[in-house]
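Here's a structure for you.
In this document, chain identifiers A, B, C, D, E, F, G and H correspond to the written order of the chains, with residue numbering beginning at 1 in each.
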């Protein structure tokens, strides 16, 4: 069974990151959540990054704000795919700092970056990564996409009726 | 055997995207390359996106510049993980247009975005996605990371000797 | 009789897009409104884009936020002039993502982009496009511009009196 | 017969704007070219803007760089649809000044803005505007789009052969 | 006696522009206020710009938001020094559009640009321009600067006491 | 007789600032040029700023790049109008640093900012400031503006002939 | 005994700068607070900068907003290390102006810049500078870092319990 | 005797970072240079950061480009003051990524950031930090600043002679 780690730099990131946790649970994928701060708990970061693939995780989702080093440092330490979520924290310069600190990784060490505060998409992407070798999860993703479609169709109908 | 599709909006994107192809071949991962333009060949885009997972692909890498819609539209059509490479094309506004057009996808449809012109990292990320369920590829990634380390160590030594 | 399609990616775009609908109705131009999501209903997008000019539309107005692909994809599929409205959605990076995703289209596939949240101007521009071959609509635009002028003149007078 | 005016702020804009002229001629649409500077020939601007629709023009294409006021001022003076081309001039701040000066028009006075240096797309958009009421031009646009498609298909083939 | 014109694109700019009016009155400099919209009242703009120096004005202060063309167009029409105030209007992209539309004027037609919403400084600058040839106004500016200094000194004292 | 001071932070700014000197000489206005570095010669800055108005200068033009403090510091010290020229120096971040360091002055201490590298316009603006109380200089500005117009008209003619 | 000066351009900067004062007091480091405005009290700035190292200060922390010249001007006048705090003031353009005005100092005159509104970090950095030659302060910094770690560990535990 | 560590993420950063080394040697301060990559040699980073203060270093200068994590991660691991140099690397987005990744550190872990490619200033700042408790180094800094002044004075003279 595949398992996803959802880590973040601070408890204040949890309201944003909860969306990743919820969507993964909706796909019946096991999630483990932890606070790992690149800047305040570097030893925990090293321990986590070095061992994640040995603990049965398939994918790591890491969220952080400002000069966000957590996703990139975990990607430096782990051979697993790392998904980075730029979080728009309170003293951020409109989110640009978190986006660029996560996205612009040097050649050799990728981070799969999603939109600013895009934790939901990080969860879906983790499921897609698992789904790329697990037919059952792939089917759930197709069903999920079908659900998105239906919601739009209904929205379109209600608008036409409203006029 | 896993297979990766590397598609791009125009032949002019090939010099950038070649790095993804090369790194995947270095990992002995099968690659198929194609030109699919969201704006000039929408039917081909539709056909490609709808069928990629049926043709045995595990991951899709899509590169595009300017108002880059290819990665997001493929992600809309396919249940597979899609990696987006923002390409700094000639009339781009310093690359910001490609970065934001690929990164800022709405909730429900993620694109795993890498750095501007970061095709090499897109290739590594695709390998990591395959490696998350394929021990043999995971080992190759660990070896690759070991190689990166050695190169830095050697660089450090040559600098110390030089002084 | 000319007819304008006003489409948008999500019902949440309606408060912004309503201004386009209202101004067109004010010019007695027929409007049809629909929700078409490039990312969640790609089949509907294809169907809409391929057939809009056969259904009697003269102009298409498409609004979307974030990595806004709807205007560009409709422009890819339709020979009609497409007006794009960048919508400042909730997780947008200050609107830059929608502006650049719509504006920076590659050579061959233009989108007539208006200001951020500029749906009103999209409606006027659609009327001007119709007016370019319809004397009666052109006259209404001239009258509308005359009205703008009068409002400014009155504002100027009230300020002078107020002092 | 429809006729398009292509104006620009300076002769130094001509290399960029020539693409609009060429594409319109390719569609057999009559073009008239002129230099009209908002800042150096305001009287000519005024005269041009006030009378363009009386001289048989259907669409105006206006290109300018830096604090680009030409497209917006012509739109202020004329009831015709005005297409603005932001030109990346030598002392521009990476083109942002021309883009924002043309795009961010206030409610009431739209400019149909295309990409930075996107004169080719301005020409196509002008043709689409004419085509929205002229079946013959619409057919040419559909043929043009078909041509774009074929070029991509050929590019894709050559890449596959090359591998 | 020197006289300053304070014009703005819309009555909604008045709360910002009032600071220019107030500071000039504080210097006992005559002020005339008017609404002149580049985009909605181009004839009034032309008339104002062409004649301001004949009506006894020494300096023109012009405030506008978004694609702000008023200061630049007045500078195009008048030989007088024109001070431009970028106003952060409601649909502005964080004020960047007004700043760049006013600041980045082409060679030959300067606008003396002040900070975003910096109407107060526009008023002081107008007074300094008059003061450059009017000893009495220059003295008032020196006194004003002395006042600024005293306020800071008092603030510093109150902080020291407070600790 | 009015006199203008043209100062700059470094001899490397001279190629840009020369345009201000040339245009002022073209208007027969006396110019004095000096290097005054806010960061490297603060005492000279202080001395210059405190005494400029006593030495017969009417206007000060100050050019600087990067974190450009020269124009603002001179404005802090002198009651004269100060025109700031943001210079795009070699390690500048695309000129944004010089533009914002000069433009965004706090309330009370204005700098009349011109475009990036806009030294020519700084010279014209200085002439306009002098011209606001000197009929003879005002006439020269009107003649200069007439010259700009003629050049555009000739450019327009040559383009029409060329076609 | 080492002593730190905390200066700022305006009393309105105090709420932000207080964090620097508090953290330094927490490290038992002597602090002196003053208001010194580069633009409104240039004489006080000169006096302060010229004499700070003679009055027993080891480090200067300077906070300012907008076109923030205080940190750079103090660095120009003093041989001491100067820490600059960009303050996001009310009329700032999202803080970019203060960041760039402080960070982008020319070669020869460094300012140690911290994050936007990062006064707390300025205080810690000042303590680290003192600690680099004072074992006792270095120990306190190590203890402080240990405290940061523990807070994260506790946050992580509470999250795990909460689930 | 004080000692400074100059580290950088890659040998390609050396041409920029050499300026820090040279200026420190000019102040007769001992320098040790090393390549430490946060992303490719995380163990070396960890070892370096944990032990730098035990090896006799007083200050650490760390340079890196793109998503630059080296300065922040060293600051996380070491109690010493860390000076960060944003390097404008080849695939950087105009340097914004390195600037923001280094500057925008979270509360608790400061990095003393200097200008883009500002390695020379990093060296001077390191000397100033040492000089804050070492009278002899402080004297050298005062002499250095005197030298800067003289160079400007000579530049000013040569310009005046040239005219």
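One rule holds in what follows: contacts are C-beta pairs under 8 Å (C-beta built on N, C-alpha and C of every residue); 3 or more make two chains touch, one makes a residue touch a chain.
If you're wondering where the values come from, they're calculated on a predicted model, not measured in any experiment.
A.B. asks: Could you give the fewest steps needed to travel from chain D to chain H through chains in contact?
C.D. replies: The distance in steps between these two chains is 2.
A.B. asks: Between C-D and A-G, name the chain pair that shares the greater number of C-beta pairs in contact.
C.D. replies: C-D
A.B. asks: Calculate how many whole Å lie between the centre of chain F and the centre of chain G, each centre taken as the average of the chain's C-alpha atoms.
C.D. replies: Taking the mean C-alpha position of each chain, the two centres sit 34 Å apart.
A.B. asks: Can you give the whole-Å distance between the Cα centres of chain A and chain D?
C.D. replies: 42
A.B. asks: Of all the residues in chain E, which ones touch at least 2 other chains?
C.D. replies: In chain E, the residues touching two or more other chains are 10, 40, 66-67, 91, 93-94, 96, 99, 103-109, 111, 115-116, 118, 145, 148.
A.B. asks: Pull out all the chain pairs that touch, please.
C.D. replies: Pairwise, the chains that meet the contact rule are A-B, A-C, A-G, A-H, B-C, B-D, B-H, C-D, C-E, D-E, D-F, E-F, E-G, F-G, F-H, G-H.
A.B. asks: Quick check on the complex: what are the chain C residues that touch chain A?
C.D. replies: 10-11, 14, 33-37, 40-41, 44, 66-67, 91, 93-94
A.B. asks: Write out the stretch or stretches of chain B touching chain C in their complex.
C.D. replies: On the chain B side, the touching residues are 9-10, 38-40, 42, 46, 49, 65-67, 69, 72-73, 75-77, 89, 91-93, 96-97, 100-109, 111.
A.B. asks: What does chain E use to touch chain F in their complex?
C.D. replies: For this pair, the touching residues of chain E are 2, 53, 58-59, 79-81, 83, 99, 103-116, 118, 120-122, 124-125, 128-134, 138, 141-142, 144-145, 148.
A.B. asks: In their complex, what parts of chain E are in touch with chain G?
C.D. replies: 94-96, 99, 115-118, 145, 148-149, 151-153, 155-156, 158-160, 163
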